[in-house]
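Chain IDs A, B, C, D and E follow the sequence of writing; residue 1 opens each chain.
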Amino acid sequence: MDIILNQYYLQIVIFVLVNAILGVSIYMTLSTGQLSLGNAGFMSIGAYTCAILTVKAGFPVYLAIPIGGAAASFISLIIGYPALRLTGIYLAIATLGFGEVVRVIILNLKITNGALGISGIPTLGTKISKMLSSFGLSRFGGLTAQQTSNLLVLVVLIFILAFLVFFCTRLNRSRVGRAFASIKADESAAEAMGINTTYYKLLAFALGAFIAGMAGGLSAHLTFFIGPKDFAYHRTVEILSFAVLGGSDLIIGPIVGALLLTMLPELLRSASEYRLMIYGALMVIMMAFRPQGLISEETVRFWKRKLGRRIKQ
Amino acid sequence: MKKGLTKWFTGMMIGTLLLTTAGCGGGSAPAANSVSEGAGTAKIGVVAYLSGGGAAYGQSQKEGLDLAKDEINALGKVKIELVYEDSRGNNTEAINAVNKLINKDNVVALIGPTLSGEMFASGPIANQSEVPIMGTSTTAEGITDIGEFVFRNALPESSAVPQAVKMAVEKYNLKKVAIMYSSNNDWAVSGYKTMAQALKDNGVEVLATETFADKDTDFSAQLTKISSLKPDAVMVSSLYQEAALVLKKAREIGITVPFVGTNGFNSPELIKIAGQAADGAIVASPWYPGKESEKITKFVTDYKAKYNKVPDQFAAQSYDALYIYASALEKAGSSTDRAKLRDSLATIKDFQGVTGKFAFDEKRNPLMDATVLIVKDGQFTELK
Amino acid sequence: MFWQQLVNGLTLGSTYSLVALGYTLIMGVLNIINMAHGEVFMFGAFVGLFLVNYLKVNIFVAMAGAMVASALLGILLEMLALRPLRRRAVSDLAPLISTIGVSIFLENLALKIFGPQSQAFPAGALSGVQLQLGPIRITLVQIVILGISFGLMFVLRFWLSKTRVGKAIRTTAESIETANLLGINTNKIILLTVALASALGGIAGVLVGLSINAVEPTMGLSMGLKGLAVLILGGMGNITGAMLGGLILGIAEVFTVAYGASSYRDAVAFGIIILILFIRPQGLFGKRQGGRF
Amino acid sequence: MTLVLDQVSKSFGGLAALSDISFKVNDGEIIGIIGPNGAGKTTLFNLITGIFPPSEGKISYHGKNLLGLRPYKVTALGLARTFQNIRLFGHMSPLDNVMVGAHCRTKAGVWRGLWRTPAQRKEEKSTRERAQALLQLVGIENDTDSPAGSLPYGQQRRLEIARALATEPQLILLDEPAAGMNESETEDLRLLIKKIQMMGKTVVLIEHDMNLVMNVCDRLVVINFGQKIAEGTPAEIQKNPLVIEAYLGREEA
Amino acid sequence: MLNISGLSTSYGSIKAIKGIDLDVPQGSIVSLIGANGAGKTTTMNSLVGLLKPQAGQIKFLGQEIRGLAPHKIVNLGMSLVPEGRKILAGMTVLENLEMGAYQRKDKEVQADLAKVFRRFPILEERKQQLGGTLSGGQQQMLAIGRALMARPKLLLLDEPSMGLAPLVVSDIFKVIQEINQEGTTILLVEQNVRQALKIAHYAYVLETGKIVLHGKAEEVAKNPRVMEAYLGGAKADT
């Protein structure tokens, strides 16, 4: 129990969950075969919208976070319409450029406080605790206020992630999900089969941006402070590597990728100087030996068959 | 073959997962494996920018701290053990590092992190956990507003910059100046704001305000523009690398007026990179290695002997920070009581460090004097 | 001031062009974007610095040395990070991600080896000398940068259009399969191209390091992104485009600072990327079909 | 008249791929389009289905102008196609492939798919049942778990037809459905095409297997070098010297 | 000259050719005919090393060449004029031809260039024009000329008549015959069956990846099965 309640581990698990949500966001756009490197940009739009709303306008967090997502989603529609005519690396580079432009704009706006960023953002934990105490529930037996609030945040994040997984799996098995998959497999064949590819690509793009924006809002309320630097190129690469390592065929892929890549730096703390080198080498090795990521449809099929056989025996 | 690979990878994945859990398990008994050097040893956690683009700063801090630790332990009044964590200049990493040090290593107090932004992100964690945390290089406004447990011995820009500006205005009779600053660096922007205010207070006209970004290398466009405006002086707020490149380029295109800088000017590296071009750079600094003082001479000599270079401000302030903790620990009389340590820290007065006389004010900011320095013939000298 | 700023823009732009040439060569032949090119550039700068500072060689020898060393790095890049990907049919995004991995690896390796501090060329390595031409002041470093960049670009153009190997590179760029059919050992040509592109990146690194007199491990990222912007501006795989695109970007940036807001300087490069991709995805000088070089 | 092509031309970069092609397709017919490789047959299909616009000329379907319509809209109007080089969604199951075909005849969006509303479940059920029926029609086991890309060649071709049929077309364009099939597979295909005709649909067929073409088509259009050189019943075409020359080469060269 | 036995090539799980046996004697023209999708182009690409066959033997001039890289096969004296011509659209006609002689270091390259220009005068007229601006027939001539620049002992032609006007087609066939008469052995894949069989000495008929018929060209030409495959039904013999 001590381990579970240790704030250090709790905090890491919380970051794992936020990163997993980011993983879902890149999965969403990748599910139509579009590689968008703009997710860090959408994340920052969400984070700033949300932080400004709570800090400066006094909005409640539970409202501000979805509004942040919606703002990111709205911007994604504006840039997505022309951008999604591009494919492959062209789209990747255009969205990478978009992320940088967003960063420079944030640096120059007054409301975002430029490079100084926004500090003193109320944490999700205290907000939730407050809400609960207003219902008469304050702390659970024997836990410190901090542990309580962290646990509550954990529960909320798990709930959000679970909902996203539920959302994606439901979507995958529906008409829209099949349209996504067909566009990913062969865009012009999908169009010839009567699918409005522009609409569905834009839909996936906007959904991905919404999720990234929400993740941004969440992380703003977990780190007390946001600055433009938090959403630069390195963040883009980080989000991308969740999908690369875990695989983007199935929703579980980027989630596992986020889990491993958030844990890995903590495990490698002692070798911190080599951490990023390992990170980089890992990306190269993955592309050379397993470009589909750790978890692919075949892996799942393989294990299904294997386990199925064992059960039959 | 294909199946083999699949299995291999899945195996690897499961292995990594197991390793992950094992890693968590390993730290399950934080109290048991933490204290190793006897009961009297105070464990202090350090969060610093040790790898990545800004690692030079973290490295200096580590060197200053290590030197101080050895001296303090040799004196024997208190025993200190330092636990370092790298923050890579990243807010999330800083949070994780602070959390780890507090909850896994059970440190009694913290030093760091290196950047103000990191402090904004991780300071609240320490404050909530009621662990004292002291910034040694976090000069931005509002750091100690985070809470009662947040201290700093870094002289905020609001105290250093006006001194430099005032001195320069008087000395060189400045009427109109140009400003340049790094707009994507939180700390530099904060310095810029203080600078602009100080100029206003002294009634100096600002001809132009130009920005650049950290890691920029080309400043010719901004400086050409400034050059055509013929200012009496140029104010620069940035880290030393950009500052040095600005100076070099400025001298190259014929701007010969004095340059007044924020804390970024305050580094031997500035002179190393800019060379002769650094002459005429003015900065206010609590740290001046050329000051006539036994304490400073000893520090500089020892530091030189150990690391073969002159200590910079990051090293000096970290060195002092650890001594401040040491005296607070001594007063508190406990090496594990965080609350007691905080209270005794808040009462620190008349502390004499290598950066001069020192005390915390009621907001846990430092009360200390800065010396205004100017670079002459490749040396920092006092501007009088 | 206008003319002085124009010279500033041209000097800056010519280094962008050199970096972009490396991108464009690899793009032309392999149809991939080498995200590690910026780090090759940084590596070249360090090699040049090492040669000048520790082996005390002449700066021009150091440039040649940096080119050779970067070419070797390029060969490693091709063999370890690109070739394994070509063996299997993977999406065109795989090399992008793989080279991003290489870039992270190289940047952190450099931090480990060279340390995070920026290092300078010794005084006297070309610095200091200036020429005054009417209202324009040009430093020797600027002249060297302009001279070497333009010289290399014209040599490259000539070499590609007139020599046997140059033509083989162009053939491979048109179609690897056709090149194979004509008896060209395409693996060798690709290796050569990546080495050549890296050599150009390496010398650009020395030139930039020389002009700002500071070399440090993270200098690759921002230059890499600028080169990428030029690649798209000029048209992917188009040599003229890379040359002119670099100059245009350099001048645009300098004039943004001179006559606009310096804080939007970085937005110029990326704004251009987005605008070009939306309006004219093939780039200013690119053609929709047909030849690349 | 179902499909009408009126003086359709297409050129790529100055080189004419098709010039002045006109013909009509009547309801319920099976029309064969034949001609040597490179004659421009697939280009013709691409023009009809809106992959790219013709340089000149008009194409209409049931009186509606097809020019400028994006491919998915053309499909929604009731024209479906298969591809010369099979373009299935390789990683998806055969059933899912066919269900994608039903896309333009169904409605459920994100919301309904998420909450599985009764309307969505009903729609999903009927889509699945129809897809299964289509798989049965073309002779593919519908309980297979393996992805479409791993099916044998002949089955992939038939699966493409099932997918096209799922869009509920009035007219189906088949691009070399027999390519790579052996004799017995081709015979199955012939029966399938006949069945499709019996379902009241119109078929336009590009095919090189002359046995199949001559046996299944009502009428043939012959294209060579981008031009229509003949049109008529199989018997007429077989006797047409121009066709024989185009197809087999000139007798006396 | 070329002996193939048991050659099999697959794309993924699809077997495109399944155990082909084929011989090309020195000095002959051998024709490989068959419907679309029968595996003709796959066969050609397997021979020159663009595809890696799974099984079988390819002996060229007595040497096993299966699995060799394409440039090594070209070096041994085998050149392919690919389906769709694949000329270098962004390079000039002259450069296209020069690239054909990429591997040669002897001094007769210029002489061979002159020879190609004699054979196709139009190419000389347009030698500074970009390859992509030529008409289909000229592109085919360029593709053949380019292959000849390598001085191949065995020339493989994949559908040289594809998409060409009838008059041009007969010109191309004439040239093919001339090239053969000058001593180059030829393996020809064609859809224009009658023309192909007319100039060929031997013929092989490929159906769904297997050789179903082979023999002397005139015998194959008379075989009703061939006519049936191309014009369908028994009515074909007009």
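What we mean here is this: contacts are C-beta pairs under 8 Å (C-beta built on N, C-alpha and C of every residue); 3 or more make two chains touch, one makes a residue touch a chain.
Everything numeric here is computed off the predicted structure, so don't read it as measured data.
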From the centre of subunit C, which chain's CA centre is farthest?
-> D
Relative to subunit E, largest Cα-centroid distance belongs to chain B
CA centroids of subunit B and subunit D: separation to the nearest Å works out as 71
Centre to centre, by mean C-alpha position, how many angstrom separate subunit C and subunit D?
-> 49
Centre distance in Å when subunit B and subunit C are each reduced to the mean of their C-alpha atoms | 35
Provide the C-alpha centroid distance between subunit A and subunit B, rounded to the nearest whole angstrom.
-> 32
Quick one: which residues in subunit D touch 2 or more of the other chains?
-> 13
The positions of subunit E in contact with two or more other chains are 132
Multi-chain touching residues of subunit C, meaning two or more other chains, are 108, 111, 221, 261, 263, 266, 289
What chain pairs are in touch here?
-> A-B, A-C, A-D, B-C, C-E, D-E
Residue ranges of subunit A touching subunit C (in the complex, touch as defined) | 35, 79, 82-83, 85-86, 88-90, 92-94, 96-98, 100-101, 104-105, 107-108, 233, 237, 240, 244, 273-274, 276-277, 279-284, 286-289, 291
Quick one: which bits of subunit C touch subunit A in the complex? Just the residue numbers, please.
-> 32-33, 80-81, 84-85, 88, 90-98, 100-109, 111-112, 221, 225, 228-229, 232, 261, 263-264, 266-267, 269-271, 273-274, 277-278, 281
Touching residues (chain side subunit B, partner subunit C) in the complex | 51-56, 59, 183, 210-213, 215-218, 220-222, 224-225, 228, 241, 244-245, 248-249, 252-254, 269, 272-273, 275-276
Subunit D - residues contacting subunit A, complex = 49, 51, 70-72, 75-76, 80-81, 83, 87-92, 96-97, 99-101, 103-110, 112-114, 116, 120, 123-124, 127, 145, 147, 163-164, 167
Interface residues, subunit E side, partner subunit C - complex = 48-50, 69-71, 74-75, 79-80, 82, 86-91, 95, 98-100, 102-103, 130, 132, 146, 150
